[in-house]
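Given below, in the form of structure tokens, are the structures.
Two complexes are shown next, each including subunit A; its partner changes from subunit B in the first to subunit C in the second.
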Partner chain A sequence: MNRKLGVYICHCGGNISDYVDVEKVKAAVEHDEGVFLARTTMFACSDATQKEMVEDINANQLDGIVVASCSPKLHLTTFRAVAERAGLNKYNYVHANIREQVSWAHSDNKTGATEKAIHLVKSAIARVRLAESLDPITIPSRKAVAVIGAGISGMRAAIELADMGCPVTLIEREHFVGGRVAQWDLLFTTDQTGKELVTRLYDDIAKRSNIRLLTGAEVIENTGNIGDFTLKVKVTPRYINERCDEGNLQRAIDACPVEVPDDFNFNITTRKAIYHNFPSEYPQYPVIDIKNCTRCGECEKVCGSIDFSQQEKTVEVKAGSVLMATGFDPYNPSEGEFGYLQFDNVVTLPQFKRIIDMCEEKLTFRGKDIHNIAYIYCVGSRQVEAGASSAGGSATDRYEEASRDISGENRYCSRYCCTSVIHSAIETKKRFRAVNNYHFTRGIRTYGKQELLYNESLKMGDIYLQSYENDPPSVIRENGKTTVRINDIMTAGKEISVNADLIVLVTGMVPRSDNRIASLFKLPKGRDNFFNEIHMKLRPVETVIDGVTICGACQGPKNITESVNSSLSAATKSFSYVSKGELELEPIIARVDAALCTWCGKCMEACPFDAVKKVVDGGKEIAAINNSVCKGCGMCLPVCPVNAIDLVAYSDQEMETMINALAEDIK
Partner chain B sequence: MAAADTMFGESLKEFGAFDFNACYNCGTCTAVCSLSDEQNSFPREMVRFSVLGLRDDIHSSVKPWLCYYCGQCSTHCPQDAKPAELMMSLRRYLTSVYDWTGLGRKLYTSKAWEFGSIAILALLILVLFLFLHGPMTTELTDQGGVKLNTFAPWKQVEIGDWIMAGMLSFFLLSNIFNMYLKIVRKNKGLKIPIKLWFTELYNLIVHFATQKQFSKCDTLGTGKKFTFSSYWIIHWFLMSSYVIMFIMIVFFLGWFQTDNIYHWTHPQRLFGYYATAGLLTGVVWFFVARFRKSDEKSKHSHITDWTFLVLLFLTTVTGILVQIFRINGMPYPTYYTYVIHLMVLFPMLMIEVPFSKWSHLAYRPFAIYFDRVVQAAKKIK
Partner chain C sequence: MAGISTKSARILVFSTEKISDPAIDMAGLLKLHYPPTVYTISVPCSSGIKPAWILHAFEKGFDGVFIAADGSDCTYGESCTVKTGRLVSMTHEIMKEKKLEPARLRMAAICSVCSEAFVKQIKSFNQYLLQMTQS
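For the complex of A and B:
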């Protein structure tokens, strides 16, 4: 029980004292039980006052303090530090917010405000009387990081971690690393190719002995917590020996009778069940896609390197932190959306990138020469509320009009696409003859240095049209000709039409459709369904799941620069969890009274962080809290029927005395 | 609905346009233009029409003629899209569009046509003189001057004059009629009371006589509503000189092309001096500006800009020489330069007035006239 308390009541210049009579507050509390001294101060956070507090605590051997000032969001850490400087355990300081909650909220009623301030300070005093000294919880932390996803973000993070001396397991679901970047040829804004970037990173990974790369590998189970995660990883074999004979292999591929759409090319081409990597994909040896393989055995007949005896394995990966870099999917337009899958000359931007990469001298698609290209922007991004856009999608005997419904949940801008499509349009014009580019935009967002590309494309004669927010362009097929029409903002709403040989839907980024990994780690998602950080600005790569960081496009639309920026900061953050071998955690967590607990399991159901487990203690089944996982949110407290759970520093007793103090002399 | 057409932009380049594709529609140019107003907003809109290749909208627009080429828009364009150049190119283009013969287009886009036509018309004059000239007498008048009217009797020259004036009027007026069809007639359903054609007529006269729109171009950004720019003064001096000269040649040739040598205070000499001074000053001034590229409107010269100035200059200089040789009693030089003078004058008028740059003397005031009539008619509705 604390008995010798100091109370500081702040004027906050006049922010508080203009409405709250701080002297009256002081007079009302200075004789409360345990209060040794009470002071008012012009600015509690000023250097001078902080020094004075330290002196007070030392000179008078105070064992608890209350500061009544602004919100603890602003200065909790300031005054905790004051306590620590004076040698007082920081949990013996309690805060009362009499600015945001009093002076600012009740500027119309000075007497009432003063009264409320008195009660708040009294309740803080009541609580500090019961405050205990607490020590942070220390747990061991394994110096190893598991990186999930070997796209540009995951690979770059793995290299950085390895160079800081941290062992890394890089887990990639596909049989090849590189992620999306391997699929793009020329990249903005450096004009390097995806292949160049991926090759460089793959070589760097191969050089580092402390990176273990698992391909064809998927996390199927996650147990443990920060400092000590255990992942079960299912590794699918390639069914081909590493040292295979390339010549025979091509014959094996020719022999394979199974043909499936090639998702590397976004299904505009097909591949066999046994297939080769693209030049930009690593490791550079082939694989049998066992899901589609019929085990007909044709390939085995011509190639000795094929080995169906290889077995699926489960590997256990232990790590102190997990870095998530699982990337994104391109938005997949629904059938008929701007003519997609309805007219044969409508493709998405990712498909278009593959088409220009595959065409040699002439730009053709499905056997037809391409000269006029119409790009429709923001497909699947910046969507509007249902009913807000004119949907369209009608057919007469003369023409067929595609749906132009842009309603949906994806309200965000995908950031990469304006630049990517402009860059691709420039490249197309440079590489192929007689190409005319027509951009149907909703306002160009080539922010930063990417603006130069927009400028270049304008000067090359690309034409930009802009649609009204709720009036997207329409795609019409008439006598085998496709036209795109728009009411162009920049021509005072005049209807302009373009005859297009190819229509490219500039599709945005969406979260991976197969995102089971998110539920394995209980990763929170934002309204847009991408993984969510704790604080967009100040804690941009941490998640509320301690020890799990996120980066790259799994967190939201990003280009490569932005992905790598975040991946390097996630690497550093993950390393900070494991570098010391141990971790300090907040001691404000739930505590189970073993004597009272009868194990009903209600708390386990209520806990959003999976911190509660059933254990057997002296032959009795009771609930136990995992100290390294519990966040002290308090969700388990009210559900316990026998009141066996208390929150450290917010015990029932503490809360009740506070309530009593607040209710004092209120009739 | 209008179809976008990138080819239009390409063809406009032949008329001198460049870089206008860089426009990103910020509207700065329209904001700084002192002549753009609510009824007629430009030049951004014309840039946009040109980028999209909306031919019909361009053909029916008076806006290119409302621009007096101060260049403020180009100076301020953040994209360096040169909107002022675009407006100038559209004027050249429109001149070729109004011209139903198709010659205008050929003259603007082909050097062979431009110089070939000048040469042929000059040869025609030469041939006419070879066959029709009078005796090349060396006998001088009592005052010691050359007997020019013996070599080229003004009566005969006047016949030529009238034929030429007739042709000029025919082509120019028919082109103006074409312009009327495109600009006024495209307002389908708009009823224009005949009365308006008379009440608005003063616009045509005032703008032809004063070119007062120049005064509104606030090139220096002074914020004044009215400025006497040197460009305006010089241009007016040139214009009035030319008009005087034209009247004297077409209507009073007998009085002007005389063998008498009058006292310098005689109106024949005074008018002559005024006109030659105006023509010389103007032409030299514009030449120097174009050479030094001193301001936006002289920075970018299409080949036809030079031809116009060169022809005007040669006409003036040969005219002056004829006068000097005649007064000083030098028969042969007088006769030869007289022939050369006409060999330059005739092609200049025939090419420049109905088909090329000089047509602006009619298109500009008519554009304002047509615009006022249409706007007044719309108000009635």
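For the complex of A and C:
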């Protein structure tokens, strides 16, 4: 039993101490049985405090520590490492979560939060008094990673993993790789096109024999855990033979009578049911969109490579870790939002980028020449609560109408759109004659090097106007002309109107509307509804689902550089789960009290892992646990009629002593 | 029912490290408030909770015990749901023998992202326990 304990109570800056009186918590526990020292600390996880803990343990020969701070999901390993550095067995440290389960959950009740924190710390002290020194157990971990999503992040992560010597299965739901980046033309800062970037990455993937690429593939089932995931992947055929004749295929495309809106061009153009998005697209042969194909047979008449006998198949993918890079959807404005779908010359930023990519000598849209372009910023981002935007009482009809355009759930800034639109505006001016750019902003966020682009745009004569936070610009159609009107901060609230040939809604990023993959993996989402990491700074690519990492824009709005950085980080993290071929697991296993056991076999029936066997011990039949097979679930515990089984670290004594501490009345 | 607060019942939650713990943590992150007299003890799997622990909690004055079960998400296998249900039924029987109201033990499956469901369950359980003590 541990008798000389150290207790550390963290302020977490103010995350805990703003709601929990940490000094009161310290005072309430410092005289508890076995507590040798109790301290409060600004950041328990800081290097300085960690060093202090090591010194305390060594100087005072502490045989147990309690750290009361954030969720153990964040820092369990940090403080276990502290214990080990001080020569203390890491299982003699017990954690109390007084942030997620106290200060944040009860920020509405400071007294209640403080009392709860005291109970939780007392309970942790009670537990650590009984803690035993344990050695971890190891399980095999399959040296393979499944990367879901072959956009820029997924492709880059796959290459990185392959170069570390790890077999990778890259799973892409679409029939072509590249994700959103394939849809962009020139990119800042390199001036290469999105297509070139995707081509380069695809070539790199093709060169690596340890990357298996599945396109038209969707994960439909996920079983297993860290070290041993099994994914079932539904692969839709292309209905075209791989070694096809390109010329004939083009004739097949021309012959196809079906026309549907083209997703690649954000529905501003149409495509055939047999299609590829652009000539050099990877994989370099087209696909038949079977949902829209009428099976008229016209393509088969001109091309022998069409093969409707191809069948959908299910592939099993086994991996030790799963890396999620499923990307984002562009925000889709609702009808009437800044005139979208109401006026035919209002488009979104992704549509505009496709328009300038498709135009050659003249900038035209729907047959009309474009000279004056108005860009309305932050559409679908930095939204405000409905009604909040018109607070003030002096709203006119126009004002209320316009305010509705910035109402919504997306409170976050999408980060990439200011830079993207300014870059597109500059490119438009460079490529086409007599273009005037008018930017209706809510403040420019071209951070870092991207500021150079803003500067270039100003030098090129772009006009920047800025709306008041509660008074967005409005789009009006009068006498066949579309006008954007703004009360401009830059000119002290002067109302300015611009007649625009084209209005570009600078739309941000939103989470994928198709949420099936998140449901399959039970991935948590943050307040912005993107996938949520454990901690944005400390564990930025890990999720609470062990073995599943996230990167790129599925985690939140990011530009290409940021996405690639996070994908490299996620690749490294995923590799760390599989690189050794084994993983250390908690030594939490069942143990049988031979004196009490009378062998009834119920524990053996309850065990899903066949870890319980009957043995004869001193002439008596009893249950025995196979330590290498037991997973520590505890299913055998409640079924024992004589209470002869315990789980290591969850003994009756430990559980009851914790319950006693939680039930104690605080004086 | 010793030590019951007039505002909230004292509830012991058995949650699971991999499934319901993240949901309860996320409830805090999202500032979804629930009574501060709700205390959590983590266990590896909800099907490994001993009835004796639950009875001990009642003995020590907890008004209610809530099992935030793994449900079908359990990392230890599909049998978890049935086994957790079985141990709850078993405990209900013992509670009846001990003249404890079985409704003071409640179970619900709480997945790793079911923060709102957790808070809703806890608030409703709290209301139920408060009404029970007043009647």
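Keep in mind that, in the parts below, the second predicted complex is superposed on the first by the 441 of 667 C-alpha atoms of A that agree within 3 Å, B and C clash if a C-alpha of one lies under 4 Å from a C-alpha of the other, contacts with A are read in each partner's own complex, and residues count from 1 in each chain.
Convention: a contact is a pair of C-beta atoms (placed from the backbone, for glycine too) under 8 Å apart; a residue touches a chain by one contact, two chains touch by 3 or more.
Just so we're clear, the structure is a prediction, and the values are computed from it rather than from any experiment.
In the superposed pair of complexes, A:Lys459 makes contact with subunit B only, with no contact to subunit C.
More residues of subunit A are in touch with C than with the other of subunit B and subunit C. Once the two complexes are overlaid on the shared chain, A:Arg485 sits against subunit B while remaining clear of subunit C. Judged by the touch definition given at the top, the superposed model places A:Val67 against neither subunit B nor subunit C.
Legend: residue contacts after superposition of the two complexes on their common chain; A:Gly112 is shown touching subunit C, with no touch to subunit B.
Residue contacts after overlaying the shared chain place A:Ile545 against subunit C, while subunit B stays out of touching range. Contacts of A:Lys494 after superposition on the shared chain: subunit B is touched, whereas subunit C is not.
Look at A:Ile588: by the touch rule set out above, it reaches subunit C but stays clear of subunit B.
Residues 71, 73, 97, 99-109, 112-113, 115-116, 119-120, 123, 225, 522-527, 532, 544-546, 588, 606, 608, 631-638, 643, 647, 650, 652, 655-656, 658-660, 662-663, 665 of subunit A touch subunit C in their complex. For subunit B in complex with subunit A, the residues that touch the partner chain are 1-4, 6, 9, 19, 21-25, 45, 48-49, 51-52, 54, 79.
Interface of subunit C with subunit A (complex): residues 2-3, 8, 10, 12, 18-19, 21-37, 39-41, 43-45, 47-53, 56-57, 60-62, 73, 75-77, 79-80, 83, 87, 90, 111-113.
Note for the complex: subunit A touches subunit B at residues 436, 438, 444, 454-455, 458-465, 485, 488, 490-492, 494-499.
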